[in-house]
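Next up, some structures in structure tokens.
Two complexes, one shared chain (chain A), two partners (chain B, chain C).
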Partner chain A sequence: MNNKVKHWLSKNVVVVVLIVLCMAFGMANKIFFTSKNLINLTSQMSINALLATGLTYVIILGGIDISVGSVAALSGIVSAVAGLQFPDMSVFTAIIILVMSGIVIGGACGAINGLMITKFNVVPMITTLAMMTIARGLSYVVTGGQPVYGLANNFAWLGAGRIIKPASEPNGMIPVLTIFTAVIVFFMHMLLSKTVFGRHVYAVGSNRTVAHLSGIHVNKVVLVSYILCGITAGLGGICIASKLQNGQPSAGDGYEMYAIAATVLGGTSLIGGSGSVGRAMFGCAIIAVINNGMNLMQISSYWQKVVIGSIILFAVILDMSQKKNTK
Partner chain B sequence: MEPILQVKKISKVFPGVNALTDVSADFYPGEVHTLVGENGAGKSTLIKIISGVYIPTGGQIFLNGKEMNFQNPRQALDEGISVIHQELSIANDLTIAENIFLGAEPRKKNGLLDRKKMNKEAQDVLDFMALDLKSAALARDLNAAQQQMVEIAKVITKKSKVVVMDEPTSSLSEHEINALFKQIRILKENKVAIIYITHRLKELKEICERVTILRDGCHIKTMLVKDTSEEEIVTSMVGREIGNYYNKKGHTKGKEMLRVEGLTRKKEFYDISFSACAGEILGVSGLVGAGRTEVMEAIFGAARLDSGKIYVEGREVLFASPREAIAHNIGLVTEDRRRTGLMLNAMIKENIALPSLIRHKRKLGFLDKKWEEAVCKEYMDKLRIKAPGMDTILNTLSGGNQQKVILAKWMIAESKILILDEPTRGIDVNAKSEFYTLMNAFVEKGGCIIMVSSELPEIIGVSDRVIVMREGRISGELSREEATEQRIIQLASIHSETE
Partner chain C sequence: MKRKLMGVLLCIGLAASMLGGCGSKTEEAVTADTSGKEEEQAAAGTEAEAADEETADTPGGETYKVGFIVGSREHVFYNLIEEAIGAECEELGLDYTVLDGQLDANVMSDEIQDLTAQGCDAIALSCNDAAGVKPAIEAAAAEGVAMFTFDCTCDSDKIVCFAGTDNVEGGRLGAQEIIRLCEAGDKVAMIGYPTASSVLDRQTGFEEVINGQSDITYEFFGDYTGDANKAQQLMEDWLVQDPDLAAVFCAGDPAATGALAAIKAAGADTLVIGFDGNPEAKEAILDAEGNGKWWVSEISQNPSEIGLTITAQMYKYLTTGSVDSDYISIAPYIITAENAAE
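Let's look at the complex of A and B:
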């Protein structure tokens, strides 16, 4: 029995850390456990969750994508520029514009990353470093360095809107952003854990040669994964644009680091072969809880970075020592 | 004669396993002392204790009569105990000289690397060993046998007193083994004690003085090689008599399954033509480097052909990738199971089902987990794969069981033609025997096996027909009756002036 508990604990360190953090912040500040704050939390972690979802695929493959923050910015800019063409858009039109921008721009950037890696054998770190710079540069080129303003109010429904409006909460309770993110995350989780394609992703990450010799189209798996990663980054970007109701060329700066951190905190191995979208969400939650809790305690955001960095180191060390033990 | 190294009542306990129990042995200078035993008998644990990798739970180690307490491999190395691992520890991007002096680089007075001295001393050793190698050459460009020679050069420069060799011959051809033995004899003349591990018992008579048999972590007995026989050793290893080791049977040949004509891939193999039938095990013999593996990879679509034709069941095919070969019911068991055969960190079921997932997917590309688990259970029973469950991680299985997992994988993929490249390398006698039984059963049901092997007794014991390759070409074909060690060696050997 004791062993079983130990085993569960060692496999679910993220969950334990998350609970401990919540308890600590809950005790330190009464506002933390209010339903309002907790719902806010889900919306705060949404953007990072979207980015981390696709990144999980790429990291399981043993690759990396550091362009997600810039790709998010470019997608957001494009959606804002497109949105300006429809001054009195409906909510439905707004969603179409936003989602299409995310999928097309994100997908295209992901496809370029994937093709460079599969066709020209460029190392993922370098390919996506180039893409990070290119996408960020394009964002500034398209906007001339100025934010894109003047978008219709409906443009903001996806990122800032809320549904279910009881009398006590005239602004609504549940953020649309949370629901949108949950749908995407659920889809990506199922694709990875329940389909043949998902299994192939693990196989390629686990041993590329074995996968190839077992009849798996390795390049296709890699390409599709980078496209998916681009798309989720693009969707994250349009959510930022929608939330702010404008297009910022500097949006998503440094978000790739938070997304990678969330994925690693969720136990996805940077060597490839193991990990899961669901667990990456716990990683996102930990980062969001730390930010939120420290905000409530009015600790400077500069210190938040130091704390999150330290937590990542701690998580990775813990992860490595577990792996040693199981060997 | 005084033993240089003594282990006394050594025990090692891992959580839940007694890996070694009260093992004692003496190792004498100028002698090759072989450790034999099945996988899991405790050979590796013993050498890891001797070389300081593991700290024993009980017992003592004496070197030159002085008790040693190694806490790490560095200490053992400093006392003159070197290990040549089965998986060679050569840094590919360094030169031969840099490899030989790795960790003990000569320095100039100002502390900088003395490359000149290093290259010269390394070259002296290579010359002493009568090797045709340049010390400034990159290790990457050496073949497995040459890399092994570099490992031995390392040992000589370190002036080691005790050298442990873990299956040094497992990836060498007969020709290269002779070259290795020559070096071992030189070490012996220099009064080095050699601890030798091998699965090839016929090497014992040739090179070894003493043999210690381990079984289930216990010391069974130590004998002088000249006073014993191979049968006696095998019997004490497994604890029972093994009857027909290869389970050799005549098979009834069916229709032609695979025919290749004039396969050529420049610089690797030329004009390869042969056929293989249902109900037949076709052996492919030859020296390592004769191009056997390359031919098999090309047939399987894993490497491109420059010219030639392949027919499967009479129809001409050309596979651009292994995927297409698998669709034509061909399976390939590669020679390096750890690197190219298995996902070592994945579960048994994930490995076993991998090539067949596409064929058995459900609507919308969902995995058929029920099918996966059912078929996995069925084949684990059928092939008697010993593991706690189908979720067991491959890394924790023995070599024999890992190999069975690969076999199960291709059987589930409905392979009719199985290409086995060195299928029993590094697995123990019992597991080998079981593996041959499975091969025979597969062939009797109408399957076709093409088996590449460097072990002559295996080729002769298992094959219905043998083709021999030499320097990228087929040098002869022998029927079951004609295939003797002598004939095969004749066909495989390179007849050049240097011989």
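Let's look at the complex of A and C:
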């Protein structure tokens, strides 16, 4: 085979896996490639995409954040409780409430994680494990274990609304959630790949000592990254709350694992130093395609877990062997 | 050094705040304990009259000690059961402790051991993972503790009595509601959670009735794993395949919440029949102009009755040595717009 093609293939294993999966599901079920299903897919991968976006920063730093699922739940709950105060809210008010809740709660949780790690040198796994338990606990404390319900319909616009309404689609075509996620992901991708701060994230992830010696304020980079990770998790959480039009204290349970899986599938190394937000989106797409395709084919959710796990292993093994070859 | 000290202090603070979170639980156990001890002292002081009194005293003058393990303190359903247990124990003068099983067989097994070690005369628990807790139940029974189950049971002959919702019947009621609401030729679906044995029972009952119905097609089944967002995705995918899906039976209120969100977003007319009887279900059903257009019916459990029944049966067993029946099913009932406000 041509060397160039071989090189491209090995560099883009995740894209190849995604295409193969889509072809397989498309052949097995004729509904898979309908525009409606493909559009649904984009909104179904949105929440995981938001969580994975921030996680990419943290994982590039060589850290980890397993609190994202719980932080998402807490932000969602807070936005729902805040939303209850405005029974006649407009779409604009709803978005302000949702986005502010996500940024404030997510940012605060991320800041605590970051401070613990930079000021007190607590291992990221332990810090975020504690945050995972605390945020989940607080979600139950705030709600007393019950979902927060009775929110205005406009509250659901961000998560469940659709725009562009041709006559054939009275409910709209493009999910607002997809656009919202795309904007955030694009911003986070640019911040990482095109700015000095982004370069610093890679530098600190590759070699902390060298980064420090070259004058990078390492602790600041770490702190900001954890805050960003918290914020994207918070935004993911408010999207769940908006989509379901209520706050579920159990929301996002176990989502950290899917987000980490998506990031790793996207080629971000758990050792740190390399990775990209854009590529993590391919990881999210793979997971969403498997879930969606298997739902369409009526395959038991137990098998979905087995298949997702196997594909992660497969992709990472391919990725590792490719890295070995380049060395 | 300073930094280390700060770290230690912060850790202590964190630990303290976490303990604070569990405060209500500990306090509850303690108050229950002390009230028991006071009674004990009172009973010891007036041993002669003790036998005539209507308290749960053993012939030796001691108060009966009973333990409960609820499936999870994070579910409204179990919170309501726990409330009823507390009220009934106070009423009967039982010295009681309630623990949180966290829906984890391992945690529950440890708690059974702890309660046995504390000298409980009887223990009642919800066996959310029946196979997982069976060894612990049998070990406790071997030490002479009377074992009871509520909500979910396990197939051990050591269990004196079980009280819980007849979930198979609940599933049948769900199917009957679908038959009442649908027309011939309609297609229907169910969102379940087969890992939880009580929800699996609902599925069994539902499928038994719906599969016997020749004019209604049972098109889809999906597992929402207790996650409302997952239920939303399942429903969204089904509506792409069949936009005319007539009704969906959701074997839990979070599933119904998720399904409702997907149906509204897709602009479909699918009807939702929920299960649990939680407040959000009643509110949705009553909202005739809004959510009530889709969420029309609910199969409700009766948690207070479950808590009350199991406590009363434990008391009866400890005082008389027998129970009414070894399997008491508490009938679920249907909630619609007519009776939701009650």
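One rule holds for everything that comes next: the second predicted complex is superposed on the first by the 326 of 327 C-alpha atoms of A that agree within 3 Å, B and C clash if a C-alpha of one lies under 4 Å from a C-alpha of the other, contacts with A are read in each partner's own complex, and residues count from 1 in each chain.
The criterion applied here is as follows: contacts are C-beta pairs under 8 Å (C-beta built on N, C-alpha and C of every residue); 3 or more make two chains touch, one makes a residue touch a chain.
Note that the structure is a prediction, hence the values are computed from the model and not measured.
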- Query: Will chain C clash with chain B on chain A after the two structures are superposed, or do they fit?
  - Reply: fit
- Task: With the two complexes superposed on chain A, say which partner A:Arg199 touches: chain B (first), chain C (second), both, or neither.
- Result: first
- Query: For chain A, which side has the bigger count of touched residues, chain B or chain C?
  - Reply: C
- Give one of first, second, both or neither to describe whether A:Ala211 is in contact with chain B, with chain C, with both, or with none. first
- For A:Ile134, select first, second, both or neither according to whether it touches chain B, chain C, the two together, or no partner. second
- With the two complexes superposed on chain A, say which partner A:Gly26 touches: chain B (first), chain C (second), both, or neither. neither
- Message: Just checking: does A:Gly278 make contact with chain B only, chain C only, both, or neither of them? Give me first, second, both or neither.
- Response: neither
- Where the C-alpha centre of chain A sits as vertex, the angle toward chain B and chain C in the overlay (nearest 10 degrees): 120
- For the combined overlay, can you note the least CA distance between chain B and chain C, rounded to whole Å? 15
- Note on the structure: On chain A, the footprints of chain B and chain C overlap at residues none
- Message: Per the contact definition, I'd like the list of chain B residues that touch chain A in the complex.
- Response: 300, 302, 321-323, 325-327, 332, 334, 339-346, 350, 354-355, 357-358, 361, 364-367, 395, 409
- As the complex stands, chain C meets chain A at residues 3, 6-7, 10, 14, 17-18, 21, 73-76, 79, 220-223, 225-229, 232-234, 236-238, 240-241, 253-254, 257-258, 261, 264-267, 278-280, 283-284, 290
- Message: Using the touch definition from the top, list the residues of chain A that touch chain C in their complex.
- Response: 31, 34, 36-37, 40, 44, 47, 116, 119-122, 130, 133-134, 137, 140-141, 144-147, 149-150, 153, 156, 160-162, 170-171, 240, 243-246, 248-253, 291-292, 295-296, 298, 300-302
- Message: Show me the residue ranges of chain A that touch chain B in the complex, using the header's touch definition.
- Response: 194-200, 202-203, 206-207, 209-217, 273-274, 327
